[in-house]
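Just below is one structure, and these are the notes that go with it.
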């Protein structure tokens, strides 16, 4: 691992982000990454965060057209409420703040505590939960579906609407709509090594893969002998479509988990596109790359969002962050 | 009676235990979670030790409320708010008393554990820290030693369970056969009570 | 590996690129990625290429403000002359074409053959060699310094000048100037697995690293016990600075080799910045990410370019490619 | 005399040898290069076999010129232009003759190898394919069998050398102790001459 000591990994990264991105204000001690021009008058603030190790999510999505601030926790550990309270105070212009929360017990509990505290301090807070991972059944037997790739869609599209000056209720509504229109499925070809553990979190021998993984190095729902890129696309895309049942064009995120070469990811995108066209699903936009990652995990995930006209317009709107940037 | 110093000793003994067992906790969490429970607990109780030294709260209740708040501010994850709530609510239930009886502690701890159940929405058998905490509440009226034993037995009894809450629930059937990391750390917390009470006296104060 | 069969890896990726990027024309059979609007009247064409496995280099840098076309070879194998001849014909508007060639025997020989053939067909061709890797001594004992991270600087800056309508000689001159002002040094923390071989190309046990590696999975100049991020930054930055001896601000590329998490790479950037400031070298711009990669290699490289005013202006100029995009 | 069919057989025998030995060549290239020499050669000579079948060139020279061009168009890397030039120049030196003598082949092959040296700028002892090709040129006047032996010996003799050209040169001292992959494939190419000539006759045509 390219680290100093496990204890300083997050602080070291924040110093590196500060050095690379003069457009961001980075508070290393309090673990905050904020748009330099926050609070923007009249604009709803968008705050997200979660465990570190998923970069560029979330800090790489801070900037005009997307997040107002990100709160990075320790590696794979949700941030503490103090961070979100500070972030809310830093980005609130009076128009209120939307918390974008991935559905994990830890994130939910910490963001909820933060929302209570921030409201005590006079900030109007709304919250949207992202829970797009179809590998997890949403039942009384689970903590509910995990939040994964759809987080990027929610942050981009809600961020664009917030930048247009829409009120909190509308920004919250579009965020919820994007989440409800999105589903994901992930596959691991290799395990993760966290700095704290220093060795792979589970044992995945070369000739095998895990289906239905999350982004925290946890094992998946099922282990299988190695499959081809085309077979993996079949499993992932069918799983997503069978749950989403889209009736119109989709936004597609073909996402690498961190250690899968872009060469392979583009090849996988070709297979994803094949399955989509076999199922008669038109693709409006595609994003291919390592965006919602799990440290050095080899593998990939597919996220599809059935996007209406407004979502597509907001997707195409200008964005200027370290990891997503277009239109200006 | 249990005085303020007893509660400080409880927290420091927990911190040492968690520090010593951090790798085991992370190992358990790596089988059915995300491999951070040991470092989470170590970071949190390390901070608790620090803040108790700096701020010297003057009552049992104040010790636990401060410790709980510190856990919430330093741990994150699922365990931060849950353990933080456990200690804060236990501390609040103890009120301003300068000393408390074991029965009073048992009752307050019961309130803390109930708050955990409410916050996390889990119940007995869901393969969480509650499976160590709930039996401990029952046994605490008897002695701190009995509570420690009950918590440990409860933690070990999570092995055959299928998780329904927290990260381990994503694994479905595959969560079976592993001890729950949060239950294991809860057993350490409860065992530290006996240590704080002084070895062998069973804590019947 | 996320592949179908090793033989189709490059073709599969090209199909995936075509599906993801409607702004590019992709010729899967002839292995070409071309700006959709090529040839642009009056504009010098910029053609690069090389073995695949270094993505987003080069295909990810095709678009307005950067390359006109890219010619991907097999994995780690330079492309064949036919590709560059076709690319030159596709992008030449009459203003001539610059070949950006990384200094490897294979690339040099194939691009030289292509230049001869393209000139026979009436295209004016200039060539710039990129050879920035200070780990290799440029002597009669080697094939000369390898071309690595500086390729990105050359392609971005020369591409911006070409977009301004500068003549071939000027585009060639600025490309050469950027190369002469740039140096790199790379480190591997893990070996590469190529699709064809299917197993790591060399054996690098966990507690060790290789200093002075290239981007083709070849072993480095020296093996050492694992070092911290700070120690690696010391070695890499000193090696670069001792050779470059900059007298003004630098452009910095803190590059991941493919499998190094962005979290760690940002932490490494903090250490790179520390060493630079200890040496009194100001940093004008920083780019952090996986840009010039070596499939699934864990590791990083540092490239510094002493940038004059013109280079900085061209660096900041708008660019719109899959992997670099700003200003429009 | 060696007729057109001999040259076709030479190319197909090389293709089989390269196909059979591809993993070994890639293995050698993975020690001191980039692990692609086996697949490069297999792809190239596979394409050569295909094009010779499709186009049926009518003279020895035409066979080699076509084969060389095909290598240049399909291999890439360092070996594509080098092997392509070797065959093209050898073929050009053979001219339009319908049959050639072994001496004529030896001379033409010498011209091809010289073109490789000029294109790549390497000389004997630089640990490249030339270390197998140069001794083969010397021995070819004697017999194709002798040439094969000489090439093989030359390839093995690259083991202790330090590379000065190509990718292996980046390794400096660390290139010592490994056989050069291009020298190994050159030995296969030259050995295929004897196979084309028919086993055991030594090719003295």
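Per-chain residue numbering starts at 1, and chain names A, B, C and D are given in the order in which the chains are listed.
Operating definition for what follows: a contact is a pair of C-beta atoms (placed from the backbone, for glycine too) under 8 Å apart; a residue touches a chain by one contact, two chains touch by 3 or more.
None of the values given here were measured: they were computed from a predicted structure.
Excluding chain C, the assembly's touch network divides into A, B | D. Ranking all chains by how far their C-alpha centres lie from the centre of chain B, first place goes to D.
Here the spacing of chain A and chain B, counted between their Cα centres, is 32 Å. Chain D has its Cα centroid 53 Å from the Cα centroid of chain A. If you average the CA atoms of chain B and of chain D, the two centres end up 73 Å from each other. Within chain C, contacts with two or more other chains are made by residues 75.
Touching of two or more other chains is recorded for no residue of chain D. If touching chains are joined by edges, the resulting network of the protein chains shown is an open path. A complete list of chain pairs in contact reads A-B, A-C, C-D.
Across the complex, chain A meets chain C through its residues 1-5, 8-10, 12-20, 52-53, 55-56, 60, 75, 189, 228-230, 232, 254, 258-271, 273, 283, 286-288, 290, 293, 295-296, 298-300, 320, 325-328.
Of all residues in chain A, only 6, 51, 73-82, 104-106, 109-110, 113, 135-136, 140-143, 146, 194, 196-197, 201-202, 214, 216-219, 221 touch chain B in the complex they form. Those residues of chain B lying in contact with chain A across their complex are 26, 30-36, 38-40, 43, 72-82, 119-120, 162, 164-167, 169-172, 174.
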